Amino acid sequence: MQILIINPNSDPEMTAAIQNSAESFAGGQFEVVTKPTPGAPKFIETYTDEVQAAPGMMQLVRVNEDEFDAIIVACHCDPNLDAIKEMTVKPVVGIGEASMKMATMLGHNFSVVTTAMHSIPGKLAQARRYHLQDLMVSVRAPEADASACEDEELFLQLAKAAVEEDLAEVIVLGCAGLTGMDKLIQEKLGVPVLDGVICALVIATGLVRCGLSTSKVLGYNPEY
Amino acid sequence: MQILIINPNSDPEMTAAIQNSAESFAGGQFEVVTKPTPGAPKFIETYTDEVQAAPGMMQLVRVNEDEFDAIIVACHCDPNLDAIKEMTVKPVVGIGEASMKMATMLGHNFSVVTTAMHSIPGKLAQARRYHLQDLMVSVRAPEADASACEDEELFLQLAKAAVEEDLAEVIVLGCAGLTGMDKLIQEKLGVPVLDGVICALVIATGLVRCGLSTSKVLGYNPEY
Amino acid sequence: MQILIINPNSDPEMTAAIQNSAESFAGGQFEVVTKPTPGAPKFIETYTDEVQAAPGMMQLVRVNEDEFDAIIVACHCDPNLDAIKEMTVKPVVGIGEASMKMATMLGHNFSVVTTAMHSIPGKLAQARRYHLQDLMVSVRAPEADASACEDEELFLQLAKAAVEEDLAEVIVLGCAGLTGMDKLIQEKLGVPVLDGVICALVIATGLVRCGLSTSKVLGYNPEY
Amino acid sequence: MQILIINPNSDPEMTAAIQNSAESFAGGQFEVVTKPTPGAPKFIETYTDEVQAAPGMMQLVRVNEDEFDAIIVACHCDPNLDAIKEMTVKPVVGIGEASMKMATMLGHNFSVVTTAMHSIPGKLAQARRYHLQDLMVSVRAPEADASACEDEELFLQLAKAAVEEDLAEVIVLGCAGLTGMDKLIQEKLGVPVLDGVICALVIATGLVRCGLSTSKVLGYNPEY
Amino acid sequence: MQILIINPNSDPEMTAAIQNSAESFAGGQFEVVTKPTPGAPKFIETYTDEVQAAPGMMQLVRVNEDEFDAIIVACHCDPNLDAIKEMTVKPVVGIGEASMKMATMLGHNFSVVTTAMHSIPGKLAQARRYHLQDLMVSVRAPEADASACEDEELFLQLAKAAVEEDLAEVIVLGCAGLTGMDKLIQEKLGVPVLDGVICALVIATGLVRCGLSTSKVLGYNPEY
Amino acid sequence: MQILIINPNSDPEMTAAIQNSAESFAGGQFEVVTKPTPGAPKFIETYTDEVQAAPGMMQLVRVNEDEFDAIIVACHCDPNLDAIKEMTVKPVVGIGEASMKMATMLGHNFSVVTTAMHSIPGKLAQARRYHLQDLMVSVRAPEADASACEDEELFLQLAKAAVEEDLAEVIVLGCAGLTGMDKLIQEKLGVPVLDGVICALVIATGLVRCGLSTSKVLGYNPEY
């Protein structure tokens, strides 16, 4: 089985980090290839970033879909997910959708830890799009924009505040750039911590094995 | 006052129809210019159509924003609306958003009449995005895809069914291509019928006169 | 075009303030007349105040409807709005409804700044009535009842707290008595601030120009 | 214990029917007096009817509250209920509120059978006001307005359709004028049928015995 | 009339406290018998406690239903309520359901005061099950688990915080073990305080007098 | 990896059918053992059935948890799921929860096809418990109770009606007894069809590989 992971931004470092997490999870049981998006911004932070990533993402799908069994969109805001689901017969999974929906099976609620305050309104809108708004008790982000996703201590403190002050039972890492940080926070806090890249691999490989993909019977155009 | 109307598709006929409705409503009190979107599909029907219209729409905004006081996105599914709102300091209004929100001030509920069954799931998702899902009692579309938006009798019958069977009190025309059909249906059925192009002009000119535009304090990136 | 503004209370000072804001916005392009409600309380603060204002409000409509093109109810709690909409063929707009619905087009959420803590439960119920409860992030009011609506500094601080602590992107002035305070707060905070009187004028004049009014096909009795 | 039932309309026949049901339920264990509302319309059907009943209802409360232990508002649309709750220290119960909330304890959902199609939008809004909108599966009313509430067969058929077609488990009689029809429909259909007058007596006498009444700590003005 | 109160736990002290409250409320007008649940845990705190109480609760119903007119489940989390409603023709009332639904008739919202932080997620889920989630403004519990339900001062302070910080208008005692504490807190805070045992008696005796019980027409199996 | 599937009923045939589907899906990559519940009813149809299955289910967990990596509850109504999640440190997945949540990743909505009309209210309540009520467009069941789950044609027709009349995009098989019917219906209708047993295996094996299990930080008692 071969899984294509689209990193919607063009950053080689984040692409490598995602590939690293994915390979480690795959453990040789399936193949996984992460590709950065040509022409996309270096980081997907805004609505315009999302829109600007679209042509490159669609091109990646068009060029690669035949060789892969499933496609993952590896930005936690799930940019252009409906369009990607529509344009291919292969199953498509967003890391935001997969992680937030799996989180609801592990506790009464969840909190998302993310990289910037200005992502909060968009994250709330996204949760609502998935009908998860009443299950997401909070979105926690650093007051000052995090220059480095690598600051594990910072995100650990945010997760701790979510558990202690917002009564969160489960933590979702709200940015692909935080991939790999799940185990550390989980150990320190004693609550499940979900890495979207891993969650999406669970769902995507599962869909492939089940023979399931996006319904094209009505709302998603079957011609693509 | 000058209003730019972006027609997110590239069809010159629909562009002309929108311009015609808009000018007629403006009545010389403000100027209005409708532009088709370069590089966009001929008709916006699918999620991929929406995404494909984005680069051209953003280019239209970038090139024209200085000369205009407000911008209208004239496709009822409000494609790329958040990105357009984000990238300019001028007020931006979608015809879907304006018409559905104005409809709620005229009755207990509303129904949307649109051109194709396969638009229904997307229209429901859009209504939910605006928190209108419990106010929109139905979406009515022809069983066979309407080849011609000009078939007024067809849309009149759909609106009639919405009023009689779904107990709709207000009708929203769910496609820019239906512009101009509002008065006829309103007269025949005796219920308010809203044309999104006109509604968006009401809101856009109002925002200009009020000195109001999109908030850039948190979720919409102020750098654009 | 002539717009009647009903001030549901009997206070001549607030009536003058509303008329002043309205005239200034009209700028000679349409006529506007504000009338206080005979027999109404001096200030509309409670459910019984709302009910006591009803006979006078209905009388104002009955006497004046023929001469005016639209009617505005200028108390932010929109007292007796359904009855006023029902009893006339002219379009009727409440300043609460207009301002809160327009606010949703300018940001991901809004906060209402109002004059008294005891108005909070009623404001929440009103937002819910308009299906806006999940878009209204907070209602901010002075701890001690504001003796004077003129205290701009007080309301500026409340709006500031809404933006900084509640992450509000848009501010709605939640009392007709605050009319005219929008520009100052908007300038100071850099977020859109909506004055209900002005918003209602935008909607009311728009409805007149569109030839739209309350649907009388089912829930609002057409005999009135 | 003495219970005052306010019939918000001025019809002596409906007043007598309500008194009859109430006395029969009281069975001598408490006293109950039903009074018609001076100056109110003959039947409460519209928003303006509701508003017109207000002055008389408030007068009835003011004159009688000292002699009674609780007050019931006996119109299923619960007109002016918040104002009546606010203006007295005695517990106040609406027959719409009591019957719909008690219905939720007897089944997974309920349906309201009422007298006229044009009441449907208002009934939906009322259910939403009580957060019951997802528990009320339907509102059933005669296609032609029922000239006579006495037509038991008509309302039996409506209730039957609610059970069979809408999968209603509980029926609520949606008009005080239907009082006394509950037992017949319950026997014929084998589902619980709730008469609002009786439900309100259960709640009102219960509140008196519990020493409970409307909270005046914030939203309901304690000065009344 | 005879009412059976099932205490879902096996604690004789709590059984006696419930019986005491109930008898005092009954005042000789009806008979009431409280029984502890054989084989149940000493205190119902967890999901497994709830499940473990089920066999004993069902046995109590089977053995006693013929002699009683209605059955009350006297644990505020309403354990196994659907099964108990299903298995008997007699009306069944949970103290959680009764108290939270009656609370909504006395104010704009309510807060639940309960005995342990770890009950909060379950209480939120329970409120949602009854469609009350937006009416319950908070659940307040002691930071450290309360060893003794008798600590009135502790629960008074929690209720006070709910009123002052969460703007609660009504307090619901969220544990049968708090029975009898309502009057004290109500007097001290000046807001309605509801004791679930008493509320359930109001509803249960009312249902008996109305001849109402659980609908068995569809979702609750009529064979039991 | 070893997965325990608990069949909450005691039927050996259904146990074999579940084991068969599970083994076939596992394809030798992990081990799976399905066990019937001692002392449980032959079929889980009612609330009392669910409760009666609890002691045996808990016993199965207690006896087997050490040998297995994850536990699946294989009845689509997810009986006693919270208690089972609470009492073990191993991940626990319900087939109802897994299938309905995975369904939301494959289309705009889903419909559940189940075996009996009287399950409909319970299925709606279950969907609401998972916050899926607005995504589940319908529950379809045979008018007459299906004596045999093997009647594929019957369930195919129900699924077809869901797609054509309810505009369902995805079908969820709402009973473990329908396991194995997914491929046939999927082929015939051209929409994704989900078998809960398979979906639960996807999630359960995924959770094991991720090192994730139920949060015990607050609402689920960590002592079990």
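We call the chains A, B, C, D, E and F, going by the order they appear; numbering starts again at 1 in every chain.
What we mean here is this: a contact is a pair of C-beta atoms (placed from the backbone, for glycine too) under 8 Å apart; a residue touches a chain by one contact, two chains touch by 3 or more.
Owing to the predicted nature of the structure, the values given are computational and were not obtained by experimental measurement.
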Co-neighbours of chain C and chain B - touch as defined: A, D
Partner chains that chain A and chain D have in common: B, C, E, F
Label of the chain whose CA centroid is most distant from the centroid of chain B: E
Same-interface partner of B-C, chosen from the options A-F, A-E or B-F, over half of the pairs matching: A-F
From chain A, the most remote chain by mean C-alpha position: D
Averaged-CA centre spacing for the pair chain E and chain D, given as whole angstrom: 26
Centre-of-Cα separation between chain F and chain D, whole angstrom: 42
Intercentroid distance (Cα basis), chain E paired with chain B, Å: 51
Touching two or more other chains - residues of chain A: 107-108, 120-122, 125, 128, 134, 167, 169, 218-220
In contact (per the touch rule at the top): chain pairs: A-B, A-C, A-E, A-F, B-C, B-D, B-F, C-D, C-E, D-E, D-F, E-F
Parts of chain D lying in touch with chain C, wherever the complex brings them together: 45-48, 50-52, 54-55, 58, 80, 82-83, 85-87, 117-122, 125, 128-129, 218-221, 224
List of chain A residues in touch with chain F within their complex: 25, 91, 93, 97-98, 101-102, 104-108, 130-132, 134-135, 163, 167, 169-170, 183, 186, 189-192, 194-195, 198-199, 202-203, 206-207, 209-220
Footprint of chain A on chain E - complex, ascending: 120-122, 124-125, 128, 133
Chain A - residues contacting chain E, complex: 107-109, 134, 167, 169
